[in-house]
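Per-chain residue numbering starts at 1, and chain names A, B, C and D are given in the order in which the chains are listed.
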């Protein structure tokens, strides 16, 4: 029997399969090497990188919720220079596409990151985080205002030679409006959703469970909201959509593909089951075979409306 | 030992305790009589009422999700006249406050509902649903635009002699903006959150699991988002806030009170545990006693920030 | 219409087939008030996933103390149920809904398919107890013989003299659909009342036969349910004429007159 | 640093006290590579609530086949664990983190409080095995005697000659905090290395004593953890000087040199 065809194309790049890992949930790839054959994945999106290193928020940074978790990591990362020198050499060898997730608190920072990373060998694309709800400055503002979102997209696209994926925030009234704005700004793809802003309180101490007070909700709990937004955005834009949000099983991944996503990212599920991403690749292969499809692309947007 | 004081005041009304039931999850009260001593509750918010009866959406109308559920009931209800003749006589006898949740397609419908219900004996307040995400027309538009939200509030307040609680939609970029608008419109209180818009797909049939395609997400899964919004709104407005969203236990209720809610509504939890609302009343009484508080009001807004 | 919410102790958990289990619970209030065709809502975990209770028909009551359920493992909730053992406690609400209506029925035929057989056993026992001389024919359908487990015997043991089987693979009884057995076994001479529960296509076929022969027919329907007590309005189904307000399976049913509901 | 994700069969589940359980699992890969102080992440349910794995220290390895955990029921995850029985399978990842460093240590004192004693038993066995003549003093603290269960005996059984106890209520051993035992039992003549695990205030007191007497001190810390493999960055703790990048308990720890971390 021939290998089922799981290939998908985003921003002119062919991915061996539509299964990527979500930024901030898969470290810099290496952490999962004991559990996953990285080269079996469609790609790895690394932890968000800023120009300078960031300490992130004080602890406690995470709390479990019903079917999900809140995180307020605060975008802790090693910064651009150490990422290039310490992380890229390993990433060049993992045998799959590397997507670098970037964030900044000014247009200039986004520009510089786009520019600098374009010069680095072994990077397939950029994912621009305009939506992380954990950091008080930057992040939020960009992702919730169409004009700002378009501006950031333009800034990165203008200074980068890499395909640009813009990652959208779900904490908005109309996510299709933001999606159209970044499409107009030149994005080759959009990925969604980032975390929903949430909060938890420790009744005994009467204090917030997160030092940052609020954090980002992720995991199976948010899947229905993510799926709805992916479906809406897939109809609103012409560029490919990457679905993210609570994806834990092959069935979850198929729901997002049917809703119109060209690829998906596995996030919190990596914590529950470090092999989740690879198991989904295997599951999709089985699905294509069992249903005698020519390829996974036949599933994309295949939702049948009543 | 004397009874702990659980009384709270909203819109000039004293409630015997801060535990209400959420609209659409407690029928018209009678359905829970086998499980709960209705007069032990702070109040009962009945299923949303429109001027004319509504059939609601075709089935399937509900689907379970991780830690939550999606519903697309479509505001099925008996309509104002039958509500008054068939439901109110029973509700007058339950020995606690009755709050009527109303919804309409037009300012006029909201007005008429406010006016007509003001003439009915046995109703303590109105809860104006400007946020139900299930009905394609009406609902959504009002709740997601500050100007519209303020207009509806004014319309109801102008034509009603009852205290008006406006129920907010979480599907917005900045819920404090909507809250301030309805406060300006004359609302005596706000209640939040209504459901988050979500979706689920049956991979086997490739069809949406809800005939309405999208539905409202409720249950423990959304609690972190609801708590965050209640905390934000409590700081943004002077009128009392009623917290709703995933409240299932006494601890959950305390989280919302600490975040600044003056009262809470129990929703989806009624399905999992029909006695949930009464158990929370009992739990709050125990909490006040065990912590030697003068009353539950000492808990409201008691969150200690780092 | 009394209803109860109870922590019921598990008296016995029996595995009848690889997928089918029979659960015996101590629930006096429910046992003493339940009618054939009614159901309970079972909480399968103290945690929030799976969140909702699961509706299960009452398979039989034993004396006025015990309630017996029969269920098939189809997903995570029933899988959690199957893992529970005697001594543990299970939270039940019930008895819920309206059961079968036997008032003045003389000749009754029960047609069950798959797990739809569960509530019919309770009904058969009631018929044996109340109608004399009991005229009751039982027709049972399944994909294959093993799927029926001990059920055919169970019916004979309570005195049902006429039990006929049908399987899709012919491994036992009639090789074909159970609905096809109706005209073979129901003497035109009688005013039959047919009570049926099972997969939708099966019930649709049964209803068709009854229309043809002018037999009365009562059907027990399934929908997704969140509350089981007519609070969520999630269990709506269209009326026969497809107009007017929806019926609600948990309150107006789960047992309906065949002509009340739409057969799409 | 090898790590594994395995379905481990439960060999034995023992209830030691009303709240404390000892779980023996068949996990050859982990058993043969684990070091004292390392931990595993345990998935407590196939469902999504509770969602995250739970970190549990390795209490001991038995041969190169079995891993033993000792846990206290404090919430829903550990409650689910306690309900599991031998024969069932449990998903484990591990061994994780860095353990205690015994290299060239001569005189070692282990100070454990509550469940913090769990990893110290593994460490004690390692000391008995590797250092000769083994110089190892064990100081155990708890709220009350029953909370210690069989642990004091366990240490004696493996040849620890000096085991001293302290309880808050004086029900056994010293009436007071375990840290107070250090100066009484640690001869100044030796270059002691103190390894401690337990409630934060207890460890803080132990660290204070060590500073005073110039003893080396290794502490095993706890934080909330989502991944256990340095992917989520959720387990951050501040460095001693409160500046610079945070340390991560799952990767840089859970065992740290006392002077590395801040004692707030």
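Descriptive notes on the structure:
Operating definition for what follows: a contact is a pair of C-beta atoms (placed from the backbone, for glycine too) under 8 Å apart; a residue touches a chain by one contact, two chains touch by 3 or more.
Please read these numbers as outputs of a predicted model, since none were measured by experiment.
Counting only chains that touch, the fewest steps needed to get from subunit C to subunit D is 1. Chain centres were defined as the mean of their Cα atoms; on that basis the chain farthest from subunit D turns out to be C. Mean C-alpha position of subunit A lies 47 Å from that of subunit C.
Averaging C-alpha coordinates per chain places the centre of subunit A 36 Å away from that of subunit D. Of all residues in subunit D, those that touch two or more other chains are 48-50. Of all residues in subunit A, those touching 2 or more other chains are 65-68, 219-221, listed in ascending order.
The touch graph of these protein chains is complete, with an edge between every pair of chains.
Subunit C makes touch with subunit B in their complex at residues 2-5, 43, 48-53, 91, 93, 223-227, 229-238, 244-246.
Partner subunit B is touched in their complex by these residues of subunit A: 65-68, 70, 144, 171-174, 196-201, 203, 205-208, 211, 213-214, 217, 219-225, 227-228, 231, 246, 251, 254-255, 258-259, 302-306.
Every residue of subunit D that touches subunit B in the complex is listed here, in rising order: 48-49. By the touch criterion stated above, subunit B contacts subunit D in their complex at residues 66-67, 220. Taken in their complex, subunit A has these residues touching subunit D: 24-27, 31-32, 34-35, 47, 53, 55-56, 58-69, 71, 73, 76, 219-221, 248, 268, 270-275.
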